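Both complexes shown next keep chain A, but they swap its partner, so chain B is in the first and chain C is in the second.
Let's turn to the complex of A and B:
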């Protein structure tokens, strides 16, 4: 009973956070735009409906954009659950994409096994990379946050070095690798020009796997317990160090996989010149999902929808699409705020307790009556 | 190749550039020092600097005065830091997440605000003119001395302020009652509360000070260092500052030296990237690598100390 009440409360709170963000957005739109209602319509409705009918193409675009941030969201979920603020997901996405592209170019076997090999090698490489801040944290107590942030930049520059000087396709005007083998390209899920690939289904599959891991397996339980109370976990005999390392290695693996699937699904060659930003978005997604893997796709859908809406708004109206960052940050802040609407929550708890007492007092006289 | 690099390093303009490059990192690192001393992790330094950089340029453009520009940047810095404080201290958002939110907001939010206020897209190159940049000063006397003058004179006003602040922050932390309270709150919030210190108030104050410092850092970047504002203005300096703080053991003077180390690494990168046969990408990664190495060395040395103390107890 009480659990359902709390769940309802969380939903109301989420809705309130989104409402606040939308109000902020509206204020900006009204300041910025000559035709604010038009702009709002593009932002909120246009991703689903164009010219009065549901636009499948737009929905496919949203689903395609969800794929990488589901992976990074899951990665953040696992890492933050053990209270490790590892922010290396960003670099891992880039490294994962790069390694996958290289495997697809140079180690092609000519069969569809290419995809599996490329994605796994890329994920393993990223898992190995995030092993470094994890070990530094566990063995030396060095802040995983700072070292993982630094690693993002190191990864970016090292990838750029190899892209520019070693693996560049000299025949092209822009800096990019050679195209990877046709068999390494992740096939489309639906025919047509959309970028929605089988990667999306893999992302959903991994959502299930991570959820099972976190809530049905001993290691997952350890990760969550360490996040809740590290000392308790230590004194109840959990191998805290090993679990902390494991959570970050899994985080690296998932982020790397996200990058690999993104590059192999969406592009023909590797051509990122900068960190793609999916790692940071993953943090927002994980916060919206309350670090619960099952809700990650929902949160990712929301963010992608919002992004798409803002892009459409910027294309057809006079509001820059970058406004989406402000909206995201506002939602993020209120979602993560434990005391947001705390008074209302207090009222709910009190009401629940009163009800329980009322039920008990109502049932006890009956019991006594029975005895008599 | 190496000879070329070494002759470059032993030139006065290289030493000059170290101070110029260190200053913004130092501002942010001192901001991290003050926040950390009060037990709050301000990871929003990066975003605050970017936003302050923008507002510094805008205010100076509107008023045609560099000084008001810097003041405006400082006010915006305080407001943003207090916003982090409001969410973290009042609404109990994890402070790291609150900082990340500010960073998220800053990336696109600045572009949006710039468009909102001026209609410009992506950078302010068309707004800035040389008369509203932060002026440089030639220190009389020192300026005439051959080598020292070339290195230490002719910096921007804020460069001197940055290094002066190392001393001022030290005084603030160790010689004033507010500093004592800040350290007490960071050391043990419950103990501080038990003797009547308002923990939240002190943490707000510490955050506000870090906001001031970030504001100056941002203004320095946009109004002197790169002469105009663009989205890549801060380029990780806020994060490097966190590392500098950790490496400098959270003390103002130590943090100054670690900031200088990063300044050196970046100055080297700027110099060396022009040399044939050196990959500018790999050189660019150097400051970040130095950070991790520094962090590891520091962590290892603390670990040793802790072990020593533990062994003594036995």
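Let's turn to the complex of A and C:
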């Protein structure tokens, strides 16, 4: 009974945080726009409805944008659940995309097996990379936050080096690889320019798999228990070090898969010159979802929707697209603020406790009789 | 309202904590001016919560507090102190690296320019110490003085800040018998000088000895106020627990057989260069409960840590059924049939934000029985949790409840359920009933005896002298990281004999002690 009440509270709290963020956004829009109401319309409504009818294309675009951040969100979920603040997801997205592109170019088998091979090789490479900060943490006590953060830049510059000096297609005006084989491209799910691919369904499938892994398998259970109380896990006989490493290797695998699917689905060649940002967004998504894999697609949808709205607003009105960062930051702030709405929560708790006392009092004679 | 007879009136106090625990429900608590008033009740009865509200550490959800006839809102200890209320906590709130005098004036330092006038601080300390007959050494560092003196410093600290009402939270829990007697003398003298003292305790004898009136709490409610002289110990005990407590556990005579746990020449020096374990040797046999008594801090904690590889000794050996377990991962130690009820359940015993079920299966979740291929066999897991909840009488709504929401006694029952149900060959029970209610205590003690009679070897470490004397078949006394005495038969023992060995006044001969190795 209390659990349900607390669940409702969390939802109300989340909604309130989002509402406050939107109000803050509105204030900024009113300050910097000459046509604030139109800007708001673009931000909030336009992603769904254009010219008075539901715009499927726009929705497909949102779903397509969700794909990589579902993967990075899941990756963060798994890593943060073991209480490891590994921020290496960002670099893994770039590396995953790069490796998948290379496999798609140079190891093509000429069948659709290309996709499977490219994605798996890329994921495995990223898993191996995040093994490094994990081992440094477990064996040497080096902060995984620092080493994984630094790892992102090592990855970026290594990728850029090989892109510039080894794999660049010299015939093109900008730095990019050769196009990958047609059989390595992930097919579109719907026709049109939205670039919504089968990758989206794979992302949803992995959401289920990760949820199963975390709540229905012994390794996920160990990860969560270690995250709650490492001493307890150790005392209970869990292989704490191995599980901490495992959680981060899985995080790398998922992030890499997100990058691979993104590149193979949306591009013809690999042309990222900078960290793509999906890894950072994944952290926001995981926090919004309270590290629960099942809520990751919901959170990813929300973020993608906001992004789309802000892009439209920036394109058609006089509000810069950076507005999305402000909104995200404010939501973040209120989600992270433990005491936000604490008084309201206390009221709920008191009500619950009173009910319980009343129930107990009502059933007391029976209980005492039973004990005697 | 302005009834001058009462110095503190708490009316209809209800307190609900953020985790949903209703620690106080409509409690009335009235203290007369110049009396020593006992607040009694089991652990978890709500005494500490009530006093925290009187000292401004917590705010009541409902009800009002009247101090000296004036309705007050005690929003912080600073406010409480300004109303003349002082509190001596069970765990001292002193800065160990500072001197007594510095602690005394903390936050209200006498100044000479921008510097602290240390001489003045010493002077204030001496003045108060003399006035109230509480002798302390102003220049000693807190870290170097005995517990009894620390307590005096705490009392003086409250007095210096102008407290007229003193709350003492289980003041005798950490004191020796002699120190307790001294404390009581001092309290009586304070009372004679017009101070009001609220004395939290659950030790019946002390209460009868020193208090004028008493309020009894049970399950967050007040069970009434009584004149101490007019109520018997039996009545108090009945009011506290709601039935006559039989804390003697019936047990058959032990039939110990083979040695299970063998500890030899264990040595450990901690990071402060204190020798915590000094050539420690003993054995525990199948079917017996070996108790370890002793004042806390004489190596008991370190020993338990070594036995479960939570720390590594400098030298020595530990075997379980002939297998060396030093340096073995906990999983392997558990596979040998070793169970541990840890001293602090919140540190090692549970994952507080996990469910009851998740806490029940933490040592067995990877067993074949609970897995179907890659996936958990949820039915088997639910069945196991439900059985354990029923067998160990854990009061909860379901196995899905968050364990941190349960009371201390019920949390401990979950820990015990897990540790006792793994078919243990050796049970290490470190303070198994600390801080839990009488019902749960009795239950856990009975189970412990039951398991030993079914053939488990039990090593019981307890700071509760009654517990260790009542439950153990044989017993060792720890002093300075070593065994000071071994008693094969605990029935001949009494507090006095124990006290002498515990305080290091006496020590048995090496031959007598050597008998505990059973060689």
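The rule is simple: the second predicted complex is superposed on the first by the 361 of 372 C-alpha atoms of A that agree within 3 Å, B and C clash if a C-alpha of one lies under 4 Å from a C-alpha of the other, contacts with A are read in each partner's own complex, and residues count from 1 in each chain.
Operating definition for what follows: contacts are C-beta pairs under 8 Å (C-beta built on N, C-alpha and C of every residue); 3 or more make two chains touch, one makes a residue touch a chain.
Everything quoted here is computed from the prediction, not taken from an experiment.
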| item | value |
| --- | --- |
| Contact breadth on chain A, by residue count: chain C or chain B | B |
| Touching partner for A:208 - first (chain B), second (chain C), both, neither | neither |
| Partner chain in contact with A:49 - chain B first, chain C second, else both or neither | neither |
| Chain B versus chain C as contact partner of A:236, first or second or both or neither | second |
| Touched partner set for A:136, first chain B, second chain C, both or neither | first |
| Touched partner set for A:165, first chain B, second chain C, both or neither | first |
| Chain B versus chain C as contact partner of A:190, first or second or both or neither | neither |
| Contacts of A:19 with chain B and chain C, given as first, second, both or neither | neither |
| Intersection of the chain A residues that touch chain B with those that touch chain C | none |
| Residue ranges of chain B in contact with chain A within the complex | 43, 87, 90-94, 96-98, 100-109, 111-112, 115-116, 121, 236, 239-240, 242-243, 246, 279, 281-282, 284-285, 288-289, 291-292, 295-296, 298-300, 302-303 |
| Chain C-touching residues of chain A, taken from the complex the two chains share | 1-3, 212, 216-218, 221-222, 224-225, 228-229, 231-239, 342, 345-346, 349-350, 352-354, 356-357 |
| Contact footprint of chain B on chain A as seen in their complex | 28, 31-32, 85, 87, 136, 140-143, 145-147, 149-151, 153-154, 156-158, 160-161, 164-165, 277, 280, 283-284, 287, 320-326, 328-330, 332-334, 336-340 |
| Residues of chain C touching chain A in the complex | 16-22, 25, 61, 308, 310, 329-331, 333-334, 340, 342, 347-354, 358, 362-363, 365-366, 371, 374-376, 378, 397, 400-402, 405 |
